[in-house]
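Structures incoming, each one as structure tokens.
Look at the two complexes coming up: chain A is in both, with chain B in one and chain C in the other.
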Partner chain A sequence: MAKEKVNKTKVVAPKTKFNKTYIKRYWQLYALLLLPLVYLLIFKYVPMRYIILAFKEYKLNMPLRDMPWANVKGQTDYFKYFKMAFKNPDFLRALRNTVKLNLMDLVMGFPAPIIFALILNELRFSKFKKVVQTIAYMPHFLSWVIIANLVTTLFATSDGLVNNIITRLGGEEFSFLSIPSHWVGTYIGAGVWQSFGWGSIIYLAAIAGINTELYEAASVDGAGRFKKMWHITLPGIKPTIVVLLIMNLGYIMGGGFERPWAMKNNLVIEACEVISTFVYKNGIQQLKISLTTAVGLFQSVVGLFFLLTANTISRKLGERGIW
Partner chain B sequence: MKIRSASSKIGDWIFVLICVIISIICVVPMVNLAAKSLSGTEYLIRHDVFLWPKGFNLEAYQTVLSDPKYQRAFVWTALLTFVCTILSLTMTALCAYPLIFPGLKGRRAINIFITITMFFNAGTIPNYLLMNDLKLLENPLVLIIPSCLSIYNMIIMRSFFYGIPDSLRESAEIDGASFFQILIKIYVPLSKPVFASLALFYAVGRWNGYGDALMYIKVNKQYFPLQLLLYNILNNTNAVEVAAQEGFMQPGLKDSLKSATVMFATVPILLIYPWLQRYFIAGVTMGAVKE
Partner chain C sequence: MKKKLFSAVLAAAMVLSLAACGGDTASTQTSTDNTPVVSDSTVASTDDAQPAGPDERGMLDGKFVDTRHITVELYDRNVDGGTEAGNNAWTQWIQQQMLDRYNVEVEFVTVARWTEGDDIGNLLAAQNAPDICYTYNYGQIQTYANMGGVLDLAPILEANKDLVPSMFDWLGDSVIYQDLDPNAGTLWAIEGKRNEICRINTFVRKDWLDTLGLKEPTTKAEFEAMLVAFKDNAETLLGADASKMVPYSISYDVGWRAATLIESFMDPAITDKEYYVNGYDDRKFTENGTKEAVRLLNKWYNDGLIWHDFAEHSGSDDTTEDDMIKAGFVGAFTHNYDYPFRNGKDSINATLAAQYGPQAKFVAVNCFEDKNGGYNKYSYSNTGDRKVFFPATNDEPIASLCYLEFMSQAETVQYLQIGDEGVLHTVDAASGAIVLQAPDDAHHDWYQNSGKNIDMTINCNGLRLATPELTTLSLAYSYSDVDPEDVKTAIAVASKDAQIPPTPSVGDIAAETEGTDLAGKRDQTYDKAVVASVADFDSVWDQGMSEYLAAGGQAIMDERAAAWDATYSSDNLD
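This part shows the complex of A and B:
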């Protein structure tokens, strides 16, 4: 992969001058790009101007530049809202939970697709393999609203399917959802369930790219199934594993909104509140605009730092980055 | 060909068994849901339904399908998904195609301009304030325009375009075709697999998404996509209103109705994705190997 990249970037652009013939030939390309670039400008760059609100006092119906700088009793303190956030126990909890849930997602969710791909690779019946794959991709196509509902119907204490089976078999009810530490397990499990099949696609492609002669040679040498898996397949997909691991580490501060919002419940509020849900509740529902803008900026900047670091490491190892 | 040893054959069957178990874990929740949606109330109250419907009936589906609220939401979400997919594919192609020309001046700057948006996000609140300024709050367009281009998908399409031989483009240029004609006559027809794959990604994203609607639309409930409607019903916001309307007060009926509603919102995608498997596998793989 790395070599390909080098070749591509070495393609030297033909040296043409920016003159009439160039414009006559190329104007259409700029015209095509116009709409996407305007879109990015408006929806990705223009919002950045509101970031300044993290350092200002938000006032409704006032132009952005007229809003006063953040201040404590008239004393300007640009970082008032950042300090406020880091004194806010709810935010600190959300920050901890974000990192914790992301890390656990990584620990449980990262190896799952690799293991699944290795297992699939051992199947000899291609029709059966295809059916298993199709089934394993299914959870990826369910929305979090629906997955959250499936989780409740399966794992609820009084009327969930799993607990029904447990009690019928004479066991004791297990609260999967109402005790924070159990809820975390269920949340992570739902994530693994949703993504392991989909995640395996990339590894299957990498496995397909391994030279089959290696396997034949190993068979001749008398290597068994697991020896081949360990000495050929795993080394063959190692570059893919390394890149994906590093990039995943880069998203450790990130966090979607739809999954935690759909799966949260009030009994485990101390475990399920993450930054995205904190921002939604405090910002959009309660209009603490400056505070939540500051929180969002903090998350974006730290996220940027992690991503750039991940990208640099990935490139240092001779692999591609994400750009 | 070497004859496979007995122990290796046993090994094969162990892997088959593991895969069967994994598949069961994947489908059981949906099967259970389907069974509940088709079961009679009396069995549901006793929590007697597992994988097969008991007291088979279609009442829950009749209720859901004849409820104008669900019909509306379904049609609206289908329309939304269709428009979003077409628009997003167009935007993606418009963005990807010019960037494959090495002779395009300013390509580097444009690439940087695009890449920055992948790394840095202004954040939820700035985005919300932007929608407010653009008068997009409570506006159905807010579900279409802000998400109409994914740079990640653009990179996938660009990789695919890179894979089309330059010679095709060059010979068309010699024949006097403009760059726009080349896009329409050569690149689009040759790129059906990547369009199919990205169409699925965009469509699933829109069909399943509810976060944007939750944030940007509060009053105009007629614009709620199916998933948000579902979220509100499943989580019993406005419990009294919803419960009274839907017969959600009766415990058994509640179960079958909920299940039928979820099935109603899920089945369309479950019917489509297996047919596009070949394409989305190619799409995911291409996103990984890039140019």
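This part shows the complex of A and C:
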């Protein structure tokens, strides 16, 4: 079915064969493309040659090509650092936490901007809508260090603002930060709070692109607001949702460094240590460059696998995927 | 047409910028490869009066003929109201002196104080580290050395001993060669010296004791009773802020912030070997007795005597606790022996006095008795402190040695520490003591970003004046805006029964570069054990300890024990 669709579009689309006339006609556009390409080349592709460090012994005083292959007492073992990583309980814990926290982020954080965009779209008082929108974007521009401090100030067990209010109202103190399962909730909540406003922009743009005649026709047929939302708006932004979902699945093994690093504390270490903090502690702080390169490579390969799988599945389901 | 022209310009700009990038790296490469050597022409130009000319080091009368250039690491503490770390009156003074004395240009490379290890690691990996680096952590230097990133100082010192007489005078062979590997003969770092060896103290709010009619505590039981009294009388002591009362405050770094308590549980008669074997961890995590000390903390925590949220504030720049202490909500804490006196007007005691009057202050007390009834604790060792090393990229080792020589001279250190009379210090008419003061606004550029400029006096940590007598006399006066009597008490309390840790020389311990996140595991165990319920305490502590040992802690202790046995025949050094 997917193949059929591809063939069909090929017939309709203009000829896109890479030929001289085409380049001649549009060379200005290609020239403009050059700059981003050069950026990708220098900052994304050239550094990739250092992936080989995962299979070598890192030395401070020699060029990459002279560094010896990874070895155990002289015996070459290219996968020494991969084996080391998978024997390390800290790494295994970080791996579990990375997948767990990212999955929860996806479950909680992915629908939030969609729902917010749908709600916002129903608002008819445009000034109010704009104010709400702007306020919701704001947290996106805060650094995680600031958010983590806000979270501690608000949610600390005995002197946090929230617990102060709870106890003044006669309730019991609640440990938002010092019990692992509670901490995970706080962590996910902070993530949703920080990103839902910003994430909704792209959905609002997609909604704006839906043909208004569809809504008018639906009104004529007697559809209410919920019916219109369900039958027109949501299907209208479905391709956007799918593309973003695929991209998010690609990040399932990744994830930023600042958020877990800034929010962690010693009492919940079993829940908050993730791959990026593991790499920072061992690679940057202890200069175990080869070990952490191996971890990074593993992380990227698994991420790529998720991305490709998600893309294939979405194409099988009749969506366009991301390429 | 316009569009075409525009894109052509864009494309051209891109090509040019690329070319510029390439050219830049190429040129820096050649400049680093090109170690300056004495050219024939300079030799010829200085031949008139002295036919001898410069020696093989390129020096004439102890001064380089050609100007040399070295880079030196300097901590940046980002002090409120301080000056630019790498460019102020002090750095300029050093630069001028080095130029006048040795014809060496000094450039300071600043690294953030609390992430210095990470920063230096990055600079080393980028082949960009300063020629002279220093850090407190020898394991780190050893890691760099294993990767080929550090110069072996043994042959350099051997060949140039005549250049550094003051350094040998000041440090002596035992300190300079403390890190010499007895097997390989390599010397990766030169240890510095600590001139103030007081280390830790427990402080209590004197005015609170007076208000409640209590005496200063002298035992754990009295200390605990005092904490209970603080808690029970929060209304009296803090009025409307009673709910903010924290009888005893610690931080997530329990091993440091309860050090007086932990060390009082150690056996004062411990052998030098046992101390060394457990000594990799400077928070006494694996010592006999530490578990019982933490059990007591755990009891106090569950009794509500310790700051409840200490572990939730875990950022190293989180100032919540300091702010609580300065606001006057805290009854007692353990820290550096001089902590309440640091930072002049911003010091804890000066801040309290400004809010609540001169009687409001922290005083040092000895209140954790050991099993013999004394107050067992450890001071710093006089020998071995910050370690200076030269990265492999240092192509001016001799000029760098000249810098160390300059920094080892008593006059240099004294000037950096006390500056000009009238600006940074006055002389007490009665005793002759040097009394430090903060510079006024007109001389703000002479502000010391680190206390007594310790970040600049790289192989001397602590006050070092012309004579040892003057140093001792002036120590209590070296804090501005606090009562010198309180400092004297703090020094006496910190010195009582304080043992000086042994500093054996047994060579490199390979396992110390292999552990994974040992300090992290230690802190986690300390924190979790303190907040555990009394019933869970044992299991939490034992599990944390076994994880620490399995992650490399045990291997380090075993290798240390073996290295000791291979070097010394007795369990004690003397």
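To be clear about the criterion, the second predicted complex is superposed on the first by the 252 of 323 C-alpha atoms of A that agree within 3 Å, B and C clash if a C-alpha of one lies under 4 Å from a C-alpha of the other, contacts with A are read in each partner's own complex, and residues count from 1 in each chain.
The working rule: a residue touches a chain if its C-beta (ideal position, glycine included) is under 8 Å from a C-beta of that chain, and two chains touch if they have at least 3 such contacts.
As the structure is a prediction and not an experimental result, all values here were calculated from the model.
Touch criterion not met for A:L103: it reaches neither chain B nor chain C. Look at A:L154: by the touch rule set out above, it reaches chain B but stays clear of chain C. When the shared chain is aligned, chain B and chain C each come close enough to touch A:I284.
Of the two partners, chain B and chain C, it is B that touches more residues of chain A. Looking at the shared chain after the overlay, A:N266 reaches chain C, while chain B stays out of its contact range. With both structures placed on the common chain, the touch criterion links A:L92 to neither chain B nor chain C. With both structures placed on the common chain, the touch criterion links A:E258 to chain B but leaves chain C unconnected.
By the touch criterion defined above, A:V72 reaches neither chain B nor chain C. Look at A:L32: by the touch rule set out above, it reaches both chain B and chain C. Contacts of A:A217 after superposition: neither chain B nor chain C is touched. The contact surfaces that chain B and chain C form on chain A in the two complexes overlap at residues 28, 31-32, 35, 145, 148-149, 159, 262, 284, 289.
Every residue of chain A that touches chain C in the complex is listed here, in rising order: 27-28, 31-32, 34-35, 38, 58-62, 88-90, 145, 148-149, 152, 156-160, 177-178, 262, 264-267, 269, 281-282, 284-287, 289. Touching chain A in their complex are the following residues of chain C: 3-4, 6-8, 10-11, 14, 18, 117-118, 121-122, 124-125, 127, 143-144, 147-149, 244, 252, 308-309, 311-315, 318, 320, 392-393, 516-517, 520, 523-524, 526-528, 531, 547, 550-551. Residues 2, 8, 11-12, 15-16, 18-19, 22-23, 25-27, 29-30, 32-33, 36, 47, 50, 91, 94-95, 97-99, 101-105, 107, 110, 113-115, 117-130, 134, 145-146, 148-149, 154, 162, 178-180, 183, 204, 207-211, 214-215, 227-228, 230-231, 234, 258-259, 262, 265-266, 269-270, 273-274, 277, 280-281, 284-285, 288-291 of chain B are the ones touching chain A in the complex. Of all residues in chain A, only 1, 4-5, 8, 11-14, 16, 18, 22, 25-26, 28-33, 35-37, 39-40, 42-51, 53, 116, 119-120, 122-125, 128-129, 131-139, 141-146, 148-150, 153-154, 159, 161, 164-165, 193, 197-198, 201-202, 205, 219, 224-225, 240, 256-258, 261-262, 276, 279-280, 283-284, 289, 292-293, 296-297, 299-300, 303-304, 307-308, 320, 322-323 touch chain B in the complex they form.
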